[in-house]
């Protein structure tokens, strides 16, 4: 557990202890240091700008002409598709269907609000019904219920750009003095590391992840709280920005595709439920979705803490020293 | 645990039970089905074509002219860099240093053979010494010991193209009859799903992962054996190919960047050590590296089993049915 | 000029001679061969599934909270933004505004229907007015009228996934006999080359272009007709698919982001106007946009011809022979 | 033509007038403004850090085991491959062969020094002979002489990361006063635009091009000097960096994959030869390759001028104004 971490979100509000399961001692110490700086600065602000769990079946059509006609039918019948999909679930709500034609393949990317659940199974079942309707009403023939434009557990630009699960930003402005005292680095040095490593370095690497260690925090929290570990893949689609402001350091993380739930799946196991209870977020929220939203905000704030700490450590050159001292 | 899974690698050879930790019951059933088909066909063949754990510091230089000179120095002094790096470790061996100049940034991607260890900490410490030598002998100034061309725990093309950790391929040719009996699908249908979903769908998604669920297998095995869960990110850089051959189905997976170890880190915990012992791979191999190599081969074979099973399930349209029946 | 090329689109219909300006003789011969096969098979079918020229300014906000509020304002005021933008143009029509928050940056991706014009300048001017309204009504401060989520003349996933300019598919089904006679290859061999080169090879290369030579055709036609040559970058975002069907070969190209116009820019020059006149597409269409649409369909059909010819040449191993014989 | 542009490269040295063919008047004015600022600051420095034209055939093998053996043979026989390849050319020299195994596909990326030629045809012919040797000596069967790991005229990460043609960096440090007078902007504003647009915006777009308009300059020069216009695709793989330094602005461009030649192809046409003669670079250099190298350095400096001018224009908000005033 790391913290306390002060978070001011639309749904999360207060000081949290973030459950992290890891065998790397240095990670806990690192995130803790970041939490201390964030909290001393008054806490992280977090906002969700998009959410939607996706599933994208692929259909075979005769060719471009038939494919274009199928797409037109889909666009004209989103309400029927929604009715078919939502008949299978009490919590899922179809938000949009985005069609893509590639030769004789039609991909339909269905995006759902899934309440407090991660929702992968929910949207798979719902989409099966919607896909059946497409097959009934058009010449399209289902090839696979998942056509990889979802894109589940793969490093995909479509998720980095358009989001999957929660798209969430957390940021903080830390007074210079606090940066220097708590993070042992100057704002200028942290900005320099972020620009040259996270922005320019990632650019040269052909990277969708413009961050230092977002995946470490995501993986640790996912494990502690019963999330699907393979969703760490999408969780690494994070852009970190840092800017020196007047006598302060502004830092942010934006996670494009953070997939979390507080009900269902591994969250129902005892230890994992307890971890969510410590956050006050076990089970369904009122209204539905608010627990998952709050959880996403807190994880983003935790990722921000992790970024600040590692960037500062690099700026003061003690990355490998930390590993040596704190063990792993 | 899933299996038995027959593997014929350069290092692995025999029938294995693959430890998988997951809360998703359907995953175990799914991979088991694939193992059954692979083993019935005589087992998977596996080969490692590249290995090397990387760390890429970023240095600041005055500009292009100085940067080019620094790179020239590095290319002329790989032996001195190797000596400096290897002085810190009994197991690590520097294999190559690849320089990249971007404006006034010099990135040096160091690649190491790390024996049976995952080696992230080992290469960080070794690279710190090599970087110090660069600073001593050239005008370059270290900005960060990791400059994101490593690229650690991020979805990066550089890893998908050039590899990180083990680059490993596993494949199998399954008689038509076995495909139909064990996987309940025709070779033609499996090929169709792979082409339209894993190849064309991933292409349209801007994806580095041309597979169905490699990350599920990687995440489950990593958790059971004490690997770093955040390395699931790179583990999803997998291309799956399928081709109908004469009365048979050929299928392969190629994982570009699978990061595993059988010593150090979380592998030293009791339960995780036991899991590796079941594979006969706990601790260091003789010669060093062979246990890690065998482990990589087995995981690749497991990923192959997972691909075959899920592709077949999609081909016979029972993805969501499986989830419903087997629970999660 | 290459052709005749039979095209059956929503807007193009008939036999066309496609103007291509190139210094590479082999290219003209190659595309001609493809045109012959396509036309002998009854022509290519072409469909546009999306169109919209984009411009995406970036604004600075105080942080995540303010950014989320600005996005909310934008979503609530698309009609006012449209009115502001459209006041500057008689042909442009705002179709959508898609917001993205990254830390303290708000990106707004404006997408316009631009009639028969490519429309880059039109949308820049229109977006300037819309951006001014955002500045007037919200705390957001414009940093740059283009924030690279447009993304203009750069190899960007956002264009490959979501499109820019015209998203257009062209396909054809060619009888086996015609493939063998006109393309000197078997359908099976062409499919094999496409799968292993265009799909698997591009996958391994971390490529947004899953094709053989789409950029050659796009560049040649752009030069002959006065399009912006730098838009060849986006023109290369093309996925080619090939499948053996009953006694025939199905082939398709899907260009995600083809930016063309029949009015304005270089199309007004004499030679370029003549080239468009040969296609019957010089100047504005009735209704506006139909000439540009027809032009996009024809280029896609031309790219299809180029793909078929080169894939066949590779399948029969005469790529470099062709270069030697036909000169360059 | 734009200029004069002062360049200090390893091969280029002096004041150049850069030939640019474009129908966009604003582009010439824009680049000219940038040249003026660069030259007033003493000129751009340029360095080539890598060069090599690539061709990557794809071979079919029986599977992973055979593929690994083929790769081993290739690694053991690079000298024989070089001899076979170089027998076809007086100017080409094989620099390296990089193997990649994906399932039952072996890709071999051959990289050549091609003297003063762009070299696409040269390397295609040379690689055909090398591929024939692979077929003679191993069980690998050639599928296609180009397997898209080249990757020719496609937006590919492999080129952005590892380069193709020339990898060249140009940079300049401009006194604050010169920035303000010549570019009408402050260094701080230019840095802000670059960070938020070229770095963060491109990151969010899933972009390989972290620049403002490199493709415009590349396309214009390519057209004027007889380069292959479709190579503008790779020419857009450019990262621009900007940093405020003590009373000055540092700016750089790094083009990863700029493909140019001063002999062969379209450079032999009269007008294009004249354009190269104005640069003093028509025909072969002494030693071979130096003219192409100098040309690459000058184009990079030109791209730098274009970046500085457009970033400054955006910083002072006159992008669309410029378009309106200068016509297009």
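Order as written gives the chain letters A, B, C and D; numbering starts at 1 within each chain.
Definition applied: a contact is a pair of C-beta atoms (placed from the backbone, for glycine too) under 8 Å apart; a residue touches a chain by one contact, two chains touch by 3 or more.
Here the structure is a predicted model, which means the values were calculated and not measured.
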In terms of residue-numbered contact pairs, which of B-D, A-D or C-D coincides with B-C for over half of them? A-D
Where centres are the averaged C-alpha coordinates, which chain has the largest centre distance to subunit C? B
Report, in whole Å, the distance between the mean C-alpha point of subunit A and the mean C-alpha point of subunit B. 23
Roughly how far is subunit A from subunit C, going centre to centre by Cα mean, in whole Å? 32
Could you state the distance in Å from the CA-based centre of subunit A to that of subunit D? 36
Where subunit C touches two or more other chains at once, the residues are 100, 102-103, 105, 157-158, 160-161, 200, 202-206, 208, 210, 239, 241
The subunit D residues in contact with subunit B across the complex are 10, 45-49, 63-65, 67-68, 71, 99-105, 157-158, 160-162, 167, 169-171, 173, 206, 239-241, 243, 250, 252-254
Can you check the complex and tell me which residues of subunit C touch subunit B? 157, 160-161, 195, 199-200, 202-206, 208, 210, 239, 241
Tell me, which parts of subunit C touch subunit D in their complex? 22-24, 56, 58, 60, 100, 102-103, 105, 107, 121, 124-125, 128, 142-149, 151-161, 192-193, 196-198, 200-216, 218-220, 222-223, 226, 228-230, 232-233, 236-237, 264-266, 269, 314-315, 317, 319-320, 323-324, 328
